[in-house]
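Note that chain A is present in both complexes that follow, paired respectively with chain B and with chain C.
Coming up: the complex of A and B.
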């Protein structure tokens, strides 16, 4: 599935906005800072401003907005139930009633808050980190001192997901070649069970062979990463601009809280 | 002094009948040996035993003039004897070709600049410089095979252990690989079913059957 991971970045929908030329570490740190500030804010106007800022980042990233928004909508699907039930489960002043259930003002505000926060954070994440090559992301995370094991886990996933998928597809093809058609019934369930089991067994075997090959080349628990990253003037400009915007959000939040 | 020597090796995988029953082999400096044998006769096992990825039940493994028993003994062996695996996908695990070729040298303590110099030299020598920044999982089968050879040569081994190197290569790629291998100065142990390859590269042949090695030089 490696092609799924990287294809979009090379295909016609490739991002080429000004954010694309930033150091990947600056983008990760920027996304993290944006997330922390946004989650800390509670006022609807401030959150709306954060969402607007995330939209700005999306435009600056040069990603096709349609696709990014569709991915954001997919995330909304997960919190839909929560947002729909909150007005009816939060105690407070009733605004309207639906089938005899009162919806509270506090609940509505809370639902709007969650919706705005989640969308702003996901949008910023898509704009800043979502357009990075997974390999580049791995390198950047390593340079940011993310635990080495997690980075290696990610790198191995990127490398071998395609190999394992190839194995799965070959087995699947061999099943089809012998007349297998998925249906509802024990034969189908059992066959899929065997298929899944075989893919897992092969993956374990392969991991042992890979480890053997790595040991042959002197592996001792550390994978050296080759590429150097360097912060530049663009990164400073990005840091100052985003920092100022986030500071403005914080100040607005504080002003609201004081009022 | 032989480079590698297996002496009366017995080995079996857990839960299976023994694969090797008294196999012995000597590889002298500059020598090229090929090993043939039926599927599952233990040819790959033999190579894995030489670099300590597997340990014999009994028998001695000698490499570069010393007996090797422990994992630590084999660290030096693996540096000086480069094993090229049967499936290139087992060997290429770094995202890009340059990183994969640099992996070995950096494990040997080379710094980034030295490792990159080695990468460039090795890729240039094999005519693979155009693949330098390519992503390993997007290479073709033939390219993967040649890059795995580069990753092993980057460690400057004294011996090459080749496990079915022309497996799944088309004629053009196989011919290119054979030409490269023929030009290398290293001693070699070649495991292959490909009679033409054996004849060109390492006519001195041993046959593995019944867990023992017999000289079968034509």
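Coming up: the complex of A and C.
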């Protein structure tokens, strides 16, 4: 069983993509630039091109595309409600009617815009940053001048989320051994509440032991973040290529806005 | 629950990012280095809690527990919950990138409000009264979160208003469940480890 954060993404059968050897900082900044540009664009053709670009990044990332796409589809589940109601709630020219409710052209376009944008950004994020080792992400964010304490919080989260999930799963196993079956009702909810309270108590107890162990090894308020990152020619090529693609998206958007 | 990229107006996205950055900065200032391990491990605990699915009739909901996070973490809930949201966006594809600020405010601001309203009630008195205060805090946090998500949608366009109302209605059962779970979790903690809620106070370990 892999780390909870990267389960299914870093598993066996993982191919080595060309993005794999890039400087993590270039990938983080690239994903951020991609997100800002895509969210700023509104024309459907431009957004479709952005989604195609994100798909290209996914293929180049070496992540198993099926699993990444399944995660993207799971996110679409969250916005289903919004996308399904928008055509009927946005005023405009009616295209068709469903149970007497007219669906407007403007609403359909807006729904399509949101779907394309959300999927393009998530896909690019998963491809560029989600393919990193979580710890590498922390180091790279530190080099990008993220506040040190925030980076440390993140490192602790990455380290202990797996440990605490193991704790949670052991408690669930113990409950199952005593015949607990999750259901809708007071008994179930109370048991879940006790379970989560116990996880919290154990988390705090563990954090005290962690701090004790850190002090024993001379912890004086700073955690050295070792990880030499070198920005090389390959990264410059990536930055220029992605920058040119994003500039093309901006120009296409401006051309459509002017037309 | 999660707002995605591309749905909100630019002003809402920028406003959310500014508010979230302010909240995170304040939260980090309230966090001495000595307390970073506790806050980090608790941040991971709330991450794990958000992966727990609780059955509701034929379906299930995943937990947020931001009320409980606020009671335990105070202002540190901002950076702690932000880290969880960032990791979920990057590795699970939940939510989005530019809306991280809005999502952080929607989850962490109610946590801080609950902290100020209910902490006294939870840390003083018998476990039963602590549980009742905590239950109210847990339910209120979800109501405020649903209200914030609804407001972010409604501010982004008139066409989003019905969806915003649906968000509010859909969260009524979640409110009840989170209230009960927060109350029972605090009931247990008050008996097993009464100083849980002082974890991030200046107390030396």
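Simple rule for what comes next: the second predicted complex is superposed on the first by the 215 of 259 C-alpha atoms of A that agree within 3 Å, B and C clash if a C-alpha of one lies under 4 Å from a C-alpha of the other, contacts with A are read in each partner's own complex, and residues count from 1 in each chain.
Basically, a contact is a pair of C-beta atoms (placed from the backbone, for glycine too) under 8 Å apart; a residue touches a chain by one contact, two chains touch by 3 or more.
Computed from a predicted model, the values in this text were never measured in an experiment.
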item	value
Touching partner for A:168 - first (chain B), second (chain C), both, neither	second
Which of chain B and chain C A:216 touches, first, second, both or neither	first
Which superposed partner A:254 touches (first chain B, second chain C, both, neither)	neither
Touching partner for A:236 - first (chain B), second (chain C), both, neither	neither
Contacts of A:89 with chain B and chain C, given as first, second, both or neither	second
Contacts of A:206 with chain B and chain C, given as first, second, both or neither	both
Touching partner for A:244 - first (chain B), second (chain C), both, neither	neither
First (chain B), second (chain C), both or neither touched by A:228	first
Contact breadth on chain A, by residue count: chain C or chain B	C
First, second, both or neither for A:135, with chain B first and chain C second	first
Doubly contacted chain A residues - partners chain C and chain B	6, 155-156, 158-160, 163, 206, 210, 212, 214
Touch list for chain B against partner chain A, complex	48, 51, 53, 75, 78-79, 82-83, 85, 87, 89-96, 98-99, 102-104, 106-108, 112, 115-116, 135-138, 151-152, 155
In the complex, chain A residues that touch chain B	2, 6, 135, 138, 155-156, 158-160, 162-163, 206, 209-210, 212-220, 223-228
Residue ranges of chain A touching chain C (in the complex, touch as defined)	4-6, 9, 31-32, 35-36, 38-40, 68, 71-72, 74-75, 78-79, 81-82, 85-86, 88-91, 107, 110, 113-114, 116-118, 121-123, 125-126, 129-130, 134, 137, 147, 149-150, 152-161, 163-165, 168, 182-184, 186, 188-190, 192-194, 196-201, 203-208, 210-212, 214, 221-222
Residue ranges of chain C touching chain A (in the complex, touch as defined)	1-2, 4-7, 10, 13, 24-25, 28, 31, 33-34, 36-45, 47-49, 51-52, 54-57, 63, 65, 68, 72, 79-80, 82-84, 86-87, 89-98, 153, 157-163, 166-167, 177, 180-189, 192-193, 196, 199, 205
